[in-house]
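Presented sequentially are two complexes of chain A, the first with chain B as partner and the second with chain C.
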Partner chain A sequence: MEVVETRSGAVVIVEPLGRMDSTTAQPFGDRVVKLIRSGSDHLVIDLGQVLYISSAGFRSLLIAGKLIDELQGKLVLCGVSAEVKRLFEIGCFTDLFDICATRDEGVLKAT
Partner chain B sequence: MPEITIANRANERTRAAGVLDQFAAERLIAPETVAQVQIALDEILVNIADYAYDDDAEHQIHIRFEMIGGCLAAVIEDDGARFNPLETPAPDLGAPLRERRVGGLGIHFVRQLMDEVIYERVGERNRLVIRKFLKA
Partner chain C sequence: MYPANLLYGVSDRPSAAVCLLNAVQHVMLLAPTLVYPILVMRAAGADESAVVSVVSLSFVALGIGSALQSVKHPQIGSGYLLPVTPTAAYLPASLAAIQLGGLPMLFGMTVLAGIFEIILAQFIRRMRPFFPAEISGVCVFLIGTLLGVLGIRLLLGLDMSGNAQSAATGREVALGIFTIAVMIGLNVWASGRWKMYCAIFGIMGGYLAAAALGALDANALAALKSARIMDLPSVPTRMPSFSFELAIPFMIGALACCLRGMGDITNCQKINDRNWIRPDLTSIRNGIVSDGIGTVAGGMFGTMGSSTYSSSVGMSTAIGVTARVIGFWVGGLLILLSLFPIIAALMVSIPNSVMGAAIIFTGCFVMINGLQIITYRLLDARRTFIVGIALTLSLSRDIFPGFYSGLPEAMQPFVGSSLIIGLLAALVLNAIFRIGVRSRVKLVFAPSFDDHDTVRTFLEQQGAKWGARRDVIERAIFGTVQAIEAIADHARLEGPLEIEASFDEFNLDIRMTYRGDEFLIAERRPTDDEIRDTDDGLRRLAGFMIRRNADRVRSLRRADRSVLEFHFQH
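Entry: the complex of A and B
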């Protein structure tokens, strides 16, 4: 899956494009983990261009969240559409992540 | 109605998703409905890969998509060990982030997103039917 990566001050914004499913989630997750381990532990994941997230996709988000917690960094999600939000609700993930409406708010919160 | 037979490998799942995408586009099915069926299909194919086989041989999974009476359905058949995903225990959804495991979540998604899920053991094959009613 294509991933757009941008930097805003000390915060890195990662924007996955397309579907986060059993095929794409692992390479995406590996990339995010690598990024975190290389020192970018203030992270915004912008889900605005994601079509859907399967359990494999949530697994990669959980792994990123746990790692950032351990490193005492900050992970914020943004751009969650109504359809994707429903998936967070079904999996009871809403309370496990900081979710902001916009990318700017996300960057502010992750700083 | 489109059908596809895929090998039991991760990259083959993309082909199945492609067939569903094309079928849904031809039938003008709403993207959010297609997304839900795509998720359910992905979860089921992952479950088959994880639980159906105790050997390393290549196995075939057959998938057929149908539109009958305002209902989008996928019929998924494999020749693996008897496995009824509807009998898997519900995941623990209350645990905090550090303790969360994602086991069982896939089937939870299937149950929540689909309107009907039917499991049958037919001879030596597992058959799972998932159905999503389309909004009028």
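Entry: the complex of A and C
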């Protein structure tokens, strides 16, 4: 799975492209953890190009979320499609993350 | 639950003023369809006063039919606001009846057509496989285009062959454009009462403008001036007659009305229920029975057969008022109007271009509703061809009328209108394409990195063949892929995995069979810490999501295999 990184001021925007499943979630999670540990603790994960997310994908988000909380940073999700939003609801994850509609809103919230 | 755009839903009881004004709007909207009995009566050589008399009698029959449609009874009535009108479906057969045996033949065969439609209604459930949702959608869409084309004909003063029989003048076309501009303008930019009564305002505006410009038809004005203000309509006393030769044309007409009714009632169900999933066949059956009774009433009262009026559904959608109680007001108003011949004469005098504009306006909403019904289900190559060929043939009927009218006499009942030819094509193709569609399919594969694509392709292709709902197939794809992932990671899978999918209109079932540990489905969501820190937490999260995604999940052992079953209500 390709991951695109950009910056908006102090906020790092990470955009995974494709599916977050047991094959791709681990490398994605490792990359995000590495980013956070290197000082990027104001993070937006743009899920606009994510077509599917399984239990493994949610685990990687939980790991990133916990690490950012420990560092008192901010993690915001954005661009969640209707189907992916349904999966968040099935897994009871909607209340665990800050979810914004657009990237701009996400960057504002993560600042 | 009503969609957000409805001001008054099907079970609401608006005030008397709202009911009356909406009833008036519906009655004014059906005025253009009076052109059919008028055409038939003029073909029989009737003078203008006889034409006005038949229009008054039509009001009685239409009033009975419209009120019956709103009835919510176990055996009769669709339960929706769905006024009925004289229908073009019976026009070719009615003209043929006039030629063969005059008005008594028309009345007798119309009664028979109504009885046939009532009988046909009893077999709707058994015919269900031959009338899937996309057939209803094609029916609704074709009706919308038929209305649009009729509206253009009236607005431009063209005959059935597209020739200018008495070409509309620039003034008349301008009146039509003015009328539709008023309707669209009020519907798009206005709110409240201005939006709700946009059709009335448009027609009134067009009529007043026509009167001011001296554009009202002279014969119609003369009939208006000579019409009595109040009088009982005279019911014909001649005995009806029958002919076997006309049985097929009238049965085709009845079938077209049955299908049109199915489309219109489906449309009513859809616009009144945000969570609409599939047609309610009981409501449809009862509505078709009412439709048949309305046609029988038409024959007995000496006028044409009737059918549900798609323009009314379109207008209800446009203004957001669908309360069934208004159907009784429409029925009562129509019966009352039959006592005022001057009203019939007034309606007959509304310029064609003004009525054409009104029909175009409502046809737009009917077309879009039809498209939405068609695309609500997955479409594979079979269904694409059914819809595409049916629509193409239907359009060709209007574009090349000369070719179709030149076909042998025996074929004429089957190609008499764009609606008939399109529907027959869709029904025949649907019956043919049912060949080779299996209700149970199997896929065997070894899990790999492209499981998602494999499963998605398999279920999407099969879903399209079945005409399954998109959202249910998406749920099945997620559940299957998540299960494969969890089984491969946690159930010590050995060898390939077998996926079996089966479908009928109400159920989609997925069964996964494999060698490995039974996959236990968690009742309780693991905690966030358990998910993050333990493999067991991750496994239980997968099971929890699988269970919540499907309507029913079962995990069991069969001999030396483990089985995981999902059930989705369709």
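What we mean here is this: the second predicted complex is superposed on the first by the 111 of 111 C-alpha atoms of A that agree within 3 Å, B and C clash if a C-alpha of one lies under 4 Å from a C-alpha of the other, contacts with A are read in each partner's own complex, and residues count from 1 in each chain.
As a convention for this text, a residue touches a chain if its C-beta (ideal position, glycine included) is under 8 Å from a C-beta of that chain, and two chains touch if they have at least 3 such contacts.
Everything quoted here is computed from the prediction, not taken from an experiment.
Novice: Following the superposition defined at the top, how do chain B and chain C come out on chain A, clash or fit?
Specialist: Pair status: clash.
Novice: Where does A:T102 make contact in the superposed view: on chain B (first), on chain C (second), on both, or on neither?
Specialist: In the superposition, A:T102 contacts neither chain B nor chain C.
Novice: Give one of first, second, both or neither to describe whether A:T6 is in contact with chain B, with chain C, with both, or with none.
Specialist: Neither chain B nor chain C is touched by A:T6.
Novice: Would you check which partner chain A:T94 touches, where first means chain B only, second means chain C only, and both and neither mean what they say?
Specialist: neither
Novice: Once the shared chain is lined up, is A:D69 touching chain B (first), chain C (second), both, or neither of them?
Specialist: first
Novice: According to the stated criteria, A:T111 is in contact with first (chain B), second (chain C), both, or neither; which is it?
Specialist: So A:T111 meets neither chain B nor chain C here.
Novice: State the stretch of chain C that overlaps chain B in the combined model; pick it from 239-247, 329-337 or 545-553.
Specialist: 545-553
Novice: In the superposed view, which residues of chain A touch chain B and also chain C?
Specialist: In chain A, positions 19, 21-23, 52, 54-56, 58-59, 62, 66, 83, 87, 90-92, 96 sit in both the chain B and chain C interfaces.
Novice: Would you mind writing out the residues of chain C in touch with chain A in their complex?
Specialist: Residue list for chain C touching chain A: 449, 452, 474, 478, 481-482, 485-486, 488-489, 525, 528, 531-532, 538, 541-542, 544-545, 548-549.
Novice: Name, in rising order, each residue of chain B that touches chain A in their complex.
Specialist: 10-11, 13-14, 17, 31-32, 35-36, 38-39, 42-43, 45-46, 93-94, 96-98, 100, 102, 105-106, 108-109, 112-113
Novice: Which of the residues in chain A come into contact with chain B in the complex?
Specialist: Against chain B, chain A makes touches at 19, 21-23, 51-56, 58-59, 62, 65-66, 69, 83, 87, 90-92, 96-97.
Novice: Residue numbers of chain A touching chain C in their complex, please.
Specialist: 19, 21-23, 52, 54-56, 58-59, 62-63, 66, 83, 87, 90-92, 96
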